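Encoded as structure tokens, here's the structure I'll be asking about.
For clarity, chains are labelled A, B, C and D in written order, and residue numbers in each chain start from 1.
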Amino acid sequence: MQSATSLIEVRYAETDQMGVVHHSHYPVYFEQGRTEYFQQFLQPYQEFEAQGLFAPVLSYQVELKGRLTYGDTLTLRTKPSHFKGLRVVMSYRGFNSDTLVVEGTSTHALAGPNLAPLHPRNLPPCYQFLKEKLENAL
Amino acid sequence: MQSATSLIEVRYAETDQMGVVHHSHYPVYFEQGRTEYFQQFLQPYQEFEAQGLFAPVLSYQVELKGRLTYGDTLTLRTKPSHFKGLRVVMSYRGFNSDTLVVEGTSTHALAGPNLAPLHPRNLPPCYQFLKEKLENAL
Amino acid sequence: MQSATSLIEVRYAETDQMGVVHHSHYPVYFEQGRTEYFQQFLQPYQEFEAQGLFAPVLSYQVELKGRLTYGDTLTLRTKPSHFKGLRVVMSYRGFNSDTLVVEGTSTHALAGPNLAPLHPRNLPPCYQFLKEKLENAL
Amino acid sequence: MQSATSLIEVRYAETDQMGVVHHSHYPVYFEQGRTEYFQQFLQPYQEFEAQGLFAPVLSYQVELKGRLTYGDTLTLRTKPSHFKGLRVVMSYRGFNSDTLVVEGTSTHALAGPNLAPLHPRNLPPCYQFLKEKLENAL
């Protein structure tokens, strides 16, 4: 399956007093990976929102396999790993040069404006587009 | 003039690899100071937004006089320092125990929903309330 | 088992364009919960670091059960849920008034300065203190 | 005078409930601009730190001329605007396409490890390198 690749330069502000990237920045990197995946393989995420489809995070997990610091560039590979109904799971693997430094997943609900639940009879037209693209990708 | 006092415990995530609070967190502390000022002397800021009055930041400045680190508590004093028409300036002084560590100001525009400009003939009712409170405070 | 309780006021800066707290802030709230737990039941975390014992995050997970927005106060309950050797797991449950809005865990390695691995024969004296406290708590 | 250009894609996490980039992220963008300037015209900033020269922020100001939102790319131009002794001022202008959206400056002290003051008789060798480069640039 195809994944999107993002190159993310670590920002000084993202380090903490241990001298490494603070763990809370990884979900932000993952989000940047999703932005890239949507842009490359679906359509820009903001267009889904403009068309009434939102994908808020329900849960996520981050597993640190190494450390990043200022001066490093994270190579992040992002792809969908599960899709069913109104639930999407995205997966992430991040490398510093060739060394795996982080893995994770995020689970998203598909929802309407103001995060209102969507009902099967009342899905925005772009839902069908997303469904086909994700089913083909998986 | 009266100021609101906020006690803000430095978060580990707010430190950087120099071992001190990264400078980009001070405007977030200032915002927490404004939240406190509004709550104590005006009305909660979210009620202004709910009534159609927004106060986005136009500009701000931060002057570091010392350093904060994890384990420190910032004592932040917040007050308005200027108000005219649709422009408000707030001022901040922050202390670590008795030592001044930061000073700053933020300038805000008063605006409508979606940050639309307000016109003098079409101000939300809470504008008058804000005006009187701020003029009395200054 | 006893948990530490933190009251955390949501900051405006922590909301995103969906109008709710961005999911990446929950690990920062959890960290604030750990700070409180250490302070109340162990010793301030910075003292462990000063004594040569660090607890970097190895992995974590966040499960959103509801949403928080500006004006809300998160009541976060933090406690250890597992301890063995050089591995500690902490657990978090967060409430908005009485409604559960977030659950999560974080797994920590115990390490030395510069995140160097610790060897059983060469543990800093505060390790024994931590071990006893955590074993009693569990 | 030459400036470094950074292209910075706005992250979803950087928006707030007003639907625009929260003002506290601009100093982080500026820092990314400095990283680029150092890399292109001086040497990577982390090498200065490795050689014992640190440039902590003393003060900064941010002036918003427009708004950025998710999906926008900030084109940031960064250059030094003042240098004397142990003080450096950097200047920033940020554009969304051709529209100016932000201006600012940051003032830095040159300091030693642990932010210790530097004394004229005891400057790290890379200070001279920095001095020559900045004086030529200005």
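Note that contacts are C-beta pairs under 8 Å (C-beta built on N, C-alpha and C of every residue); 3 or more make two chains touch, one makes a residue touch a chain.
Since we're looking at a predicted model, the values are computed, not measured.
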| item | value |
| --- | --- |
| Maximum centroid distance from chain A, chain identifier (CA atoms) | B |
| Chain pair with the higher count of C-beta pairs in contact (A-C, A-D) | A-C |
| Computed distance of Cα centres, chain D from chain C, in Å | 33 |
| Separation of chain A from chain C, taking each centre as the mean of its C-alpha atoms, in whole Å | 24 |
| Cα-centroid distance, chain A relative to chain D, in whole angstrom | 29 |
| Where chain B touches two or more other chains, by residue | 12-13, 19-20, 24, 27-28, 31, 70 |
| Touching residues on chain C, where the partner in the complex is chain D | 12-13, 15-17, 19-20, 22, 24, 69-70 |
| Chain C to chain A touching residues, read off their complex | 18-20, 23-25, 27-28, 31, 54, 56-64, 67, 114-115 |
| Touching residues (chain side chain C, partner chain B) in the complex | 9, 11-13, 27-28, 31-32, 35, 44-46, 70-71 |
